[in-house]
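Before I ask anything, here is the structure I am working with.
Letters A, B, C, D and E mark the chains as written, and numbering starts fresh at 1 in each.
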Amino acid sequence: MERLLTVSGLTTEFRTERGTVKAVNDVSYHVDEGEIIGLVGESGCGKSVSQLSVMQLIPNPPGKIVAGSVEFEGQDLLRYGRESREMCAIRGGRISMVFQEPMTSLNPAMTICRQMGEVLTEHLGIDKAEARERSVDMLSQVGIPDPGKRADDYPHQLSGGMRQRVMVGMSMLCNPKMIIADEATTALDATIQAQLLELMYEMVNKYHTALVMVTHNLGIVARYVHRVNVMYAGRIIESGTVRELWANPMHPYTEGLLKCVPKLGERLVPIKGMPPSLINRPPTCPFLPRCRLRQKSCFEEPVPELTHVEGDHYTTCRVRLEGLTDD
Amino acid sequence: MLTYIVRRLIHAFVVIVIVSIAVFILIRLLPGDPIEMLISQTQLTETTPEMIEALRHDKGLDRPLPVQYADWFVQMIRGDFGTSIMRNFDIGKEIGNRVTVTLMIGLSAFVIGLVLGPILGIVSAVRRGKFVDNLVTVIANIGITAPAFWVGILLIFFFGVRLKLLPIYGYTLPWDDFWMSFKQSLMPIFVTALGPIATTARQTRSSVLEVMSEDYIRTAWAKGLNERKVILRHIIKNSLLPVVTLQGTMLRMVVGGSVVVETVFVIPGMGKMMVDAMLSHDYPVVQAVTVIMTLVVVLSSLIVDLLYGWLDPRIQYD
Amino acid sequence: GRDTKANTQSSPVPGSSPSAAGTDNTAAPPAVSGAPEYGGVLRIVNTSEGATPLGVPWEVIGIDVNLITPYGEALLLEKTSGEIEPWLAADWKIDTTNLTVTFTLRQDVKFTDGSDFNADVAAWNIQQAIDAGIINPAISGVSVTGPYEIKVQLDNWSNTILSTFASHSFSMISKEAFEKNGIDWARENPVGTGPFKLKEYVRGERITYEKNENYWQAGKPYLDGVEYVFIRDVMTQNAAVQASGDQGVDVLNTNSAEQMITLNSPDIYLDKMAIGPVSLVPSSNNPDSPLSKLEVRQAISYAIDRQSLVDARGFGILTPATQFIPDTWGAHLPDSYNLSYNTEKAKELLAQAGYPNGFTTKLIAMPGMVDKDMVVAVQSMLQAVGINVELEFPDSGGYSNYRFNGWEGMLVQHTRSLPAIANTFGLYFDVKKDDATGAYSYIYMPSTWRPLEELYNAEQAAGQAIEPDDKLLQDVHKIIMDNMICIPLYNIYDAFIIKNNVHDTGFSQWGAGTMFLPADAWKSSK
Amino acid sequence: MTTKTDSINAPGLGGEVDILEEQLLPPVNEFRRFVKVFFRRKIVLIGFIIVVLIVAMAIFADVIAPFGPYEQDLHNVLAAPDSTHLLGTDSLGRDLLSRIIYGSRVALSVGVITVLLSAAVGTLIGLVAGYAEGALQSVIMRLTDAMMAIPSLILSLIVASILNRGVLGVVIAVAITLFPGYIRLINGQVLSVKQNDYVMAGRSMGSHKARIMFRHILPNCLSPLIVQMTMMMGVAILSEASLSFLGLGILPPTAAWGGMCYDGYKYLMMRPLLSIAPGLAIMVLVFSFNMVGDGLRDALDPKLRGTSSN
Amino acid sequence: MIEAARGNIVDIVNLKMYFPVRRGLLKRKIADVKALDDVSFSIRPGETLGLVGESGCGKTTVGRCIVRLYRPTGGIVMFEGADISHSGESDLRQIRRKMALVFQDPYSSLDPRMSSGDIVGEPLKIHHLVKSKKEYDERVAELFIMSGLSPDMTDRYPHEFSGGQRQRLSIARALAGDPSLIVCDEPISALDVSMQAQILNLLQELQSKNDRLSYLFISHDLLAVQYISQRVAVMYLGRVVEISDAGELYANTLHPYSIALLSAQPLPDPVAEEKRHRIILTGDVPTPLNPPAGCAFHPRCPRAKKECSESVPPLRDAGGGHFVACHCV
């Protein structure tokens, strides 16, 4: 499989009244063609910001990418300006994004067909009539009944599930190399969510598109994803294939996370404490205050880089890594 | 849609009834009696109470208030606004002439505000924090911080008396003499438009800033649109929505401001008529002018709301 | 009821403008060189809104009467000095025993619709005015006594009766046109005998008159037209006078001294005339009020530094007033009422009256005619002798309410002197008698004050003399001044600010609503 | 990093646990945050400083002003600026500068009292209307619509001529045109605040209506209310000037900027300062109020408020 | 049907809640949103009843009817044996001390202008449960500790807390009146997995300390419901379609909707997931404004037969207290 995207050392900051929030801190990962990547972690850990940074959609001010590179198909995207022509061509054309909120992510004052068609006219330069035709076609592919009529509806006339299907369809229109789905199904009902996930899964398989799934639902990760990155407080703290990670979580956070999911007959063991603030984080391990494995050295040394453990498995837990090397 | 309009018209009617009752009562609370004022304007040094009573009877002011009101209101609905107590003219006809003039000035100012305000607002929002933004803020504020009569007279002295560029007073309807009308309208329209421009610009600015942080704008960026397209296609229409609702108030401001502007620039419109009638306690004139002005405001806000529905597909009328 | 007393005066209405007696042209018009020139439009600022239809003169009241001048003519003309001159009536005869006035009409006069002006038409016009109830109630009827002769019947005699027929409210209009088209048409379409015809009337903006080619005075008028522009705002008026060309106006009438000074320039001259003083009129309502004491009224007069007032706010135009009637009229008294500025005397008088610590009263300023700053200055002068004064600046409605129904404190009122001076007294000091039968005068005066009774009787006598008699009028005046029934402050002037190239308008010459002689006016082309 | 620990028995965390200081969000100094946002735009800072200066000027007018506001000198009227009278004298020989300084009192009281009056009345009615809903709300809102349909200057013109024209008369005349706006604002706010679960929670706890209205709903309507109030101060001050132009302003001899601007207007050619100085004073004050309003809007906007971790 | 047994905390019988929809010139009522149509169940002392179902199926409405924020259109709500369906505001005020509500949204359910201490102590003040300021402070501190918050935090404002902490505040407030019933309306939906676990444990611990405390636990997360509830009710479009003991329901799911819902919940176990057969439904949830005839689920039901579109299946006992409303079972 071809390497599609390589993110290295990505760091994004927000200047806020409270101080500088390092929302994404030295994040590196890669995506291969046709691969489904999961990005998990609790709310506020920087999942969305890391993905928006790749797309250069960070609201500026207050946000700013301060370091790192994003190499996509051999080009370093961060070299292009936010509003540069190159970046515009990539957004929506080569990489597209589906956002969490189906209610607010569509322009309320435009028919869905125009909103979809816009991507086509923008990137493929085709005329409006054809754009409409293709949009309607896509609508039927994503399972909207009577797409010809629905195309002229405004977003508020569709249910949440349908709107999110429109978003998914829109992201597929230009046949991009990669789709980033930022909690694309979180806001939906359980049964509708399943419907939509299945649809996306089929579509990316069909077009051999890479998919980055941002979510905090471990069940979804378990079901669809090949490789998963676990984020905590702006850093990727562990990464590996799903099976590997589930079978053998290295980082105490990952471990804790897996124990938080109610399972029949098992008592929940919550991770004690609260997620940390991202302001003025010391370079030590962000999970330190909550960590049950912490050692004295953890307080003194900066957090290690994401280090290879075995196979596709990487972690940043010093104790585990050192424990390993000790062995 | 039709039921909506009908409902709004009924609503408008209710508003008119309330306003007319309020004005009917308020104007009668003014100290001073129009009949006495009228009599003091005649050639007579000597007036008897009988003469005053006769005159009062003549003008219909001796009847019980509810009767007077009901009679006046019914006549008005039929399109007859009665006759001026003080000056004996047909109010309906006079208003007919004057409402055109007030609306010519008012609507032009309104339209200018509607065009310039959003442009300034968008520019300053898009370049927020920059020099342009501050410039627009200051300019927009000058427009609403200075008393209108004062701006008016400064303009008259500068452009009229000093530079002799523009006529100082008077008004010609555009279909009578377009060029003259244009020249005469410039200053009054400018003074009238200052408020709407400034208010609309401010409102647009904050509305654009708000829309810019909406999720669907992020979606638009994610589609790969460039800044120009994002602004033109996605931001403008959505940010104008709250601005449109503001326009109802704007017309109220413009129509009310005509009282001052028309006096300064000698424009024979409703505002001037209103002041004159107020000062001479010409009850039926004040009542009629207020009702017509209110009607203008009410109808225009109906139009604004319909426009709103056209702009915002989420609104449904039923 | 009361007997004859007509005031054929253009409105003494608050906020109204002028016409009066006694000319005093400070700035003389530039020397006229050569014969009148033809052409041009004379633009005159009018300060009102002017919305009255002008076509039916007996319906036109107040200041709007002036606007009739270009198209309408009355039987007589009245000079500002009170002299009566023939106009549409070539001659008249008064019969004081039978109480009739017989007018002989001109025979060469036609209305602008071509119909003839004759006795029938004149009598019809007068009858309309009688029916409308606005004519002097002493006139009981009119009859045609010849093709060009009418006789007016009176109920009782008043020596000011003739000025009634000089008012433009009694301008003659075409009976034929009126009867053919009805009153609604007539209101909008004046048909008179004057030198001009109505061309356009934009209410609230302007009235345009054009030349009447068939005017009965051969060769006149000289002007192509007369235009009134309605400008209420003082600054806009100033701008209009200072403008030139199409926008420039030729004549502005004002009694604001500061406006006269502001506009003073080599291009204009001031045609001004005295129109009587602004006075304090104490309420005679309440016998218990301090103001009912003569000493208090005198004290107030002594407390006022008239010269300073005039220095500060007169701009060299206003003059201190010590009498109710200024010296331009015969009723002026020998200089014995110069109540000079003397605060010590004022305080002494107050103490004498039983108010050593002063009292609180109110000044109610007449809108329009009275300078606000003057009132403020008077307030502080009264304050200086211990009289605490509240100010009130009502609008004309509020003011007329006080006039009709009584007030507390003092009105600051312009007590205009009319051409027929007897009318002035009648206008201001009629006495309101018992509520049921009382007559209304310009100022409400219940007879709780003894001197008012006296004044009333003297005034009756003066009005009923066959000819106006200065001696009798002086007696009336003396009662006012002896009792300080009103306290004069400063004399104001009615001024016409006229562009230098405008000639022979006679603005300050003609009273009784005539304003000026449009037929004689002309403009030199510079 | 602080390591202060609190040992408490926290259920849900599985018995005895440490609650580290860090587990809480860092405490925010609400006031400092507010100040920071408020002054983020320089122009707001300028406006704020001016308002403070003018308020100081009003308070210390007696000390600052070289002359009394009513001290006339009939022998020195309309004097040109000189070293005694820095801005010259007016038509009664009163010191213009002193009158402008004293005029700030009237301007502020017109602004402040009008706004307080109209806001108090409007808020109360709006609160009742919004909370009551149903017929009462419809009636109130229809009446409000009617009030709002009358052009404001016309309404204040009528009311001002009915009332006597003291400061209070003008205040009431202007307040009457402003209070329907507050009814609408508060009504809208109440309808939206009511949607919040905490209002529902208040009801579910058995709170009285009054408690819900004044304890829960009203405080949460305050931000837009305060913003509206600052904005309306400018409007009120301007209305006073317009009323003066129409002859219905504050009575002389009170030093009111609107009245001074209009009275001085007649001497525009002779002594332009007489009108320009109070005119500028009005502009500056209204501008400053507007800027403060803008700043408050930003600072009070919950959207701009740093909420917790997400 | 389920009988109102003596000693239950809550019994609701044939509960109906219709919201009128007004349209047109005169704002006439043109239809009803049948948010609840004939819902009956009971909650026993000390028990947790889980209530699951998709958005808009009426879960919240049930909860609010029970605490009488809504006046039911029909049916009966009994609280501790007393019929409160028509009680007036002042009677309710007494009762409301004993029941509390915890909301889904940790942001909008706390008044942002009140300090956390005031929020938690409000019920104490409303019901005059404390006599002195000192007692009040002690009680508030106690409540903070009970819900796992440090009592030092009482002067902080809600926006200084994280979502999980806010939810603890809500719970602390709910506990203030020492209630016998807490209606938890999706208390964990807005939280992270780790927070969810903390809250679930907290609720359980509180219950273990007070054995008369009952919960109505509303959620759409079947796993969480399974974890915390003794009994579970499944709703679909205004009706209860299945109700049973938790163990029984998960082991032996009967209603096709319950089955689909359970299968839509992906298990966080890649190995199990791979083997699992999933039922993916088609179509959207219909609106209660215009529900389909017959069984509301039939348009999406993989097992629908003709009968399903004709008559509404009644809730009947499928044995052992397992009630289900389906023609096919």
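Basically, contacts are C-beta pairs under 8 Å (C-beta built on N, C-alpha and C of every residue); 3 or more make two chains touch, one makes a residue touch a chain.
Nothing here was measured: the structure is a model prediction, and the numbers come from that model.
Asks: Identify the chains in contact with chain B as well as chain E, in label order.
Replies: Chains that touch both chain B and chain E, as defined above, are A, D.
Asks: Just how many steps, at minimum, does a route from chain A to chain C need if it may pass only between touching chains?
Replies: Minimum step count, chain A to chain C: 2.
Asks: Going only through chains that touch each other, how many steps at minimum separate chain A from chain B?
Replies: Graph distance in the chain contact network comes out at 1.
Asks: If you tally contacting C-beta pairs for every chain pair, which pair wins?
Replies: After tallying contacts for each pair, the winner is B-C.
Asks: Would you kindly tell me how far, in whole Å, the mean C-alpha position of chain E lies from that of chain D?
Replies: About 45 Å, centre to centre.
Asks: With chain centres taken as the means of their Cα atoms, state the distance from chain A to chain D in Å.
Replies: 47
Asks: Distance from the CA centroid of chain B to that of chain C, rounded to the nearest Å?
Replies: Result: the chain centres lie 38 Å from each other.
Asks: Per the centroid of Cα atoms for each chain, what is the distance between chain A and chain E, given in Å?
Replies: Here chain A and chain E have centroids separated by 32 Å.
Asks: Return the residues of chain A touching two or more other chains; collapse runs of consecutive numbers into ranges.
Replies: Residue numbers touching two or more other chains: 43, 269-270, 274-275.
Asks: At least two other chains touched by the same residue of chain C: list those residues.
Replies: 235, 395, 397-398
Asks: Touching at least two other chains at once: which residues of chain D meet that condition?
Replies: Those would be 12-14, 19, 24-25, 28, 161, 247, 265, 268, 306, 309-310.
Asks: Given the complex with chain D, which residues does chain C contribute to the contact?
Replies: Listed in rising order, the residues of chain C that touch chain D are 234-235, 238, 258-259, 262, 305, 308-309, 311-313, 367, 372-373, 375-377, 379-380, 391-393, 395, 397-398.
Asks: So in the complex, which bits of chain C are touching chain B?
Replies: These residues of chain C touch chain B: 1-2, 5-9, 11, 13, 15-16, 48-49, 51-53, 59, 61-62, 64, 133-137, 164, 167, 169, 187, 202-206, 229-233, 235-236, 239-240, 242-247, 394-401, 403-404, 423, 426-427, 430, 436-442.
Asks: If you look only at chain B, which of its residues touch chain C in the complex?
Replies: Answer in residue numbers: 30-34, 36-49, 51-52, 54-55, 84, 86-89, 94, 97-98, 149, 153, 156-157, 160-161, 164, 167-171, 263-269, 272-273, 275-276, 278-281.
Asks: Quick check: in the complex, which residue numbers of chain A touch chain E?
Replies: Chain A residues touching chain E: 42-43, 143, 159, 161-162, 189-195, 197-198, 216-223, 242-243, 246, 256-264, 268-271, 274-275.
Asks: Report the residues of chain E in contact with chain A in the complex, numbered from low to high.
Replies: 54-55, 162-165, 192-198, 200-201, 220-224, 226-227, 250, 260-261, 263-271, 273, 278, 280-282, 284-285, 300
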